[in-house]
Structure formats: structure tokens, C-alpha cells
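Worksheet: the structure to be examined is printed underneath.
Should a chain be cited, it is by its letter among A, B, C and D, assigned in written order, with residues numbered from 1 in that chain.
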Amino acid sequence: MTTQPPPNADDAQLLASAVGQAMWARDNATQALGMTLGAIGPGTATMRMAVRRDMLNGHSICHGGFIFTLADSAFAYACNSYNLNAVASGCQIDFLAPAREGELLEAQATERAATGRTGVYDIAVRVLGGRQIALFRGKSHRIGGDVIAGLQPGA
Amino acid sequence: MTTQPPPNADDAQLLASAVGQAMWARDNATQALGMTLGAIGPGTATMRMAVRRDMLNGHSICHGGFIFTLADSAFAYACNSYNLNAVASGCQIDFLAPAREGELLEAQATERAATGRTGVYDIAVRVLGGRQIALFRGKSHRIGGDVIAGLQPGA
Amino acid sequence: MTTQPPPNADDAQLLASAVGQAMWARDNATQALGMTLGAIGPGTATMRMAVRRDMLNGHSICHGGFIFTLADSAFAYACNSYNLNAVASGCQIDFLAPAREGELLEAQATERAATGRTGVYDIAVRVLGGRQIALFRGKSHRIGGDVIAGLQPGA
Amino acid sequence: MTTQPPPNADDAQLLASAVGQAMWARDNATQALGMTLGAIGPGTATMRMAVRRDMLNGHSICHGGFIFTLADSAFAYACNSYNLNAVASGCQIDFLAPAREGELLEAQATERAATGRTGVYDIAVRVLGGRQIALFRGKSHRIGGDVIAGLQPGA
């Protein structure tokens, strides 16, 4: 099992890109929601999603669950970017403004802390180029194993 | 605008049922996810959702976003059950165990506090009749207006 | 190392009581704040604290930090009650009403989930016999080792 | 009542400094814990606290309640820095590493969002010049009134 991040920045970026592609290929959920993976790097990821009609709740605004799901997906790609399997153990979200049908949302995930098997990530959700929609904080836990089995870090 | 819960338990239950039906009729998001509203009462609601293939993430387990969305939906029906429009201001979820394709999940929402315009609700997500999947806590904020315009409480 | 809760309810209660006494004897922080341990059982604990003048903030109400500390202490006794060392990994608190000088606060901790090394606990803080002050949810993580070294569960 | 932040950066800084001094003068809680207010600006504040023996818990490390209290104090000064009375409505903290007796902790508060009466603040707690201890996120709510009655913004 891989136990450390790769030794230099270029290798870390290549590894993150490879992990992102591998996760995407088997990720039914984000694809079905029409998300796109904008960028991925060591401990970071950006995802986008347009608000569709089937995402609206009874108040005719985007159901908070889909905003959460977008943020949670960016979080997942960021916290798995070292090729070490990690899952969310807990998440917290503050909703700041409603999102409406047709708006394109972007979630940017940033690593705030990484100690042992645990990481803390902040994800900001905005209308692309516009107002903040939500702030999400997630805690990740490494569960053992690699995202891409057998790939050596830095190789 | 309605400013108080209705005066007796029967009326409160009738009002909650009417609100639940009205919300459901215009709620694209929960319908598209195949959810069913199991029960609704004053400050409480139960919703169910089966884990579909298009809800699986790259680890082949249910994407946490859909578990959150199920809990968030139960929360929404519970906190709007008094016919006073309310939205989620913030939510927190702890993931306890993975959910797998085909499993039927049930979210039960309970009111823990209600002071002024703010409410706190706990939502427990389980595999129906089985293990706990997640614990969710949501904070609601009343935004003015009725869910069913013009309906008098207790009428 | 102890790996399981003791086999019956009486033994579990005796163990929790012994753990509570041992923790209390070396717990400078809760003693310095004038707290009292009201009760302890397997996965539960009750603590009390009177709001002192030196706990008031610039708004002349109890600083939220002391309300948190009371809840966190009840949480600590509850999650260590099996004689398996545990620490808080994360906590969330919603403040419902201010607490004033001289009021006696009571925090009741209840276990909501326990899976592997992780536990989730809810702590409700009230003015004794009166209004709710705060709702706290804490996540615990077992770090290895016993609270009372060498004490066998059920012995 | 003041309804907007002052019009320029210098005035905003002067106002924040005046608010900080006024809050400090009547803040029994932070003074009793030996905290010092390192800096305050519009939406930001830095506070320090040394870990004293009477802050240690039964594991001989700093009780999480005091780490929370330090972060919560920095949060309070940051969210009141516009001279508009605000209180914490909810807070979440992740504990990353233990703090030991004698260590000097620093909490830095930063504004992440401000919409209407609600604000979201991030507070990072570190050993001064060293490792991260905790990450705190707080939500503030303006309750009406000024911190310094009658002081005009920008005056």
C-alpha cells in the first residue's frame, strides 16, 4: 500500500490527474447528474453542474441535496487525489443563497488539514463567476487500498 | 400570514398531511429520485428511497450526496409541516456505514427544538429494518409565507 | 487491551461508575469550572454547571465556549464509560437561547451510534428543569488503551 | 441602527479597533482565561491563550472546551467588528492534534461569507508558529443594536 504522497510537484499532479480519470470512469452518480470535472490536483478539485428542472424542490429552487452532492463530489476527488482510498466520515454545509434552474454551479475543493488518515477539506460552491451558494466542510478518512491498484506514486 | 401552530393535535395532523400532499405535487427532485413520503405529522416526516445504480460512486457504494438528499427531503417535509414556509440554513451529516445498490433506505425526521423562526431537526437514515447509515442534523429558518396559501391552521 | 463492552447491564453500570470516578479524580478542567458529575452509565452521562460571573461575555450572557465545554465534558464521560480511551474528533453545537449568571445548566449525553472505533453522541443542555440552551453533537474516536489500566470489563 | 459597513478601509479599521476595545473592557470570560486580543479588523480577529494546568482534562491534554472557547472568542470579535451586535447561532469544530500545558495557542478568524444578517467565519487554531490544533467554523446572526451605542460608522 502506498503510504506517502509522491516526492515532487509534477509527479503529484500527474498522479492526481490519473486518479481523477480512473474515478470518473466508474462514477455513475456524478455522470448521471451531468457534472463535469474541471480540474484536479494534489488535494484539490473543481466540479461543475447545471441546475436542471428535475433538481428543483417544492419552493422551485435547487434542492439542497444536489448542491451538497456537487460539493461532496469535488471533495471526493480532492481527498482521493493522492491515490489513497478515502471516504467522507462527516460533512457540514451552510446554505447562503438559493440556486435557480439553468444556473451553472462550480464547487472548488481545497485541503485544509491532513493528519494521519484524516483530512479536512473546504468546498465553496458558487454560481460560475457569481454569488456564493454554499460553504461545505468535509472530513475524510483513509480506508486502505489505492484508487488505481498497483500504480506507484511518482511512477 | 399564519403565525402559530394550530390549536389541537388532530388539526395539526390534518394540516401536516395537506402540506405534505401540496409539497409533493410540486417537488420534482424527490420524485425524480424515486423517493416516497411514508408519513408526515407536526414536526415529523418519514421518507424512503431505494439505492439505484445511477446513485453509486467510484467505490461502488451509494454516493453520500444521495443519502444526504434523502435526509434533507425528510427534513424539509418535517420543518414545513406547520404550513409556514421554511428552508434549510445549515446541515451536518455523519456517515456510519455504506449503503449498497438495491437497498431500501428510510429517513425519519424528528423536531428537537423550535424557537422563533428557527428549528433544529434530527434525521436518522437506516436500511429499512436494519443498520444505521447516517445521522443528519438540520437547522431550518422560516422565510415568511404559507406552503398552502390561504389555508387557515385548524380549518 | 479491552475490546468489547462487558457482558451484562449490571457490570456495564459498575464499570461506567468506576470509570467516572477515575476520570473525575484527574480532571482539573471540569473541577475548576465548578462542574458536578450527576450520573454516568454505559454510553450516558449528566453534568451540571452554574453560570458564574467570570463566564459572561461582552453581551453579559454566558460565553458560548462554557456552554460548549459543559456539553463536551458530558460527552467525554459518556464516550469513555466503557473503559476504552476515546477522544472527541469533531463537535457541532447549535445555540438556542442565552444562559444568564446564576443559572444552573444541565447537560445530558446520549449515545446515538457506535461502530468500530467511532461513536456519535447527542448532548442536550438545559437550564435545570427549564428551557433548552443548546444542542451538541459529538463524534468520538477510540485511541487505544483503557481509562483504568488493567481493569477487566465485568470484573 | 447602523445598517451598512463604513465606506472606506481606514474608517472600517478604526471602527473595528474601537469595537474591540469596548468589547474587551466588559468581557469577563476571555480575561479570566488569560486570553489576549492580538489584532482586530473588519471581519477578522486574532486571539491567543496559553494552556494552563486548570485547562487539562483526564487525558492530561487541553480540554477541547477551552480550544473551542478560544476560537469562539476570536469569532465573536471578528463578527462584531462592524459595530453591529452579532451572536453565534451555531459552530462546528474539528480537533486535529492535542494541545499541551504551557503551549501558546493562536486563533485566527476570517470572514467567509456575509449575507443579510448572517455571517460565516473560519477560525484556525495553531500552536504559535507551529502545528494546527483545530479548525472551527461559526455562523453568526445579527440581533440588532450597536456594540458601541451611538457610534456612527466611519465617524
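To be clear about the criterion, a residue touches a chain if its C-beta (ideal position, glycine included) is under 8 Å from a C-beta of that chain, and two chains touch if they have at least 3 such contacts.
Not measured: the values here are computed from a predicted model.
Asker: Report which interface contains more C-beta contacts, comparing B-D against A-D.
Answerer: A-D
Asker: Starting from the Cα centroid of chain C, hunt down the chain whose centroid lies farthest away.
Answerer: A
Asker: How many angstrom between the C-alpha centroids of chain D and chain A?
Answerer: Each chain's C-alpha centroid was found; their separation is 30 Å.
Asker: Hey, how far is the Cα centre of chain A from the one of chain B, in Å?
Answerer: Computed from C-alpha means, the inter-chain centre distance equals 25 Å.
Asker: Just give me the whole-number Å value for how far the CA centre of chain B lies from that of chain D.
Answerer: 34
Asker: So which bits of chain C are touching at least two other chains?
Answerer: In chain C, the residues touching two or more other chains are 89-90, 92, 94, 118, 139.
Asker: Which residues of chain D touch chain C once you look at their complex with the stated criterion?
Answerer: Of all residues in chain D, those touching chain C are 22-24, 26-30, 32, 53-60, 63-66, 68-70, 72-73, 76, 80, 85, 87-95, 98, 147.
Asker: Write out the stretch or stretches of chain C touching chain A in their complex.
Answerer: Within the complex, chain C touches chain A at residues 89-90, 92, 118, 139.
Asker: Help me check something: in the complex, which residues belonging to chain D touch chain A?
Answerer: Within the complex, chain D touches chain A at residues 92, 94, 96-97, 112-113, 115, 118, 120, 122, 124, 132, 135, 137, 139.
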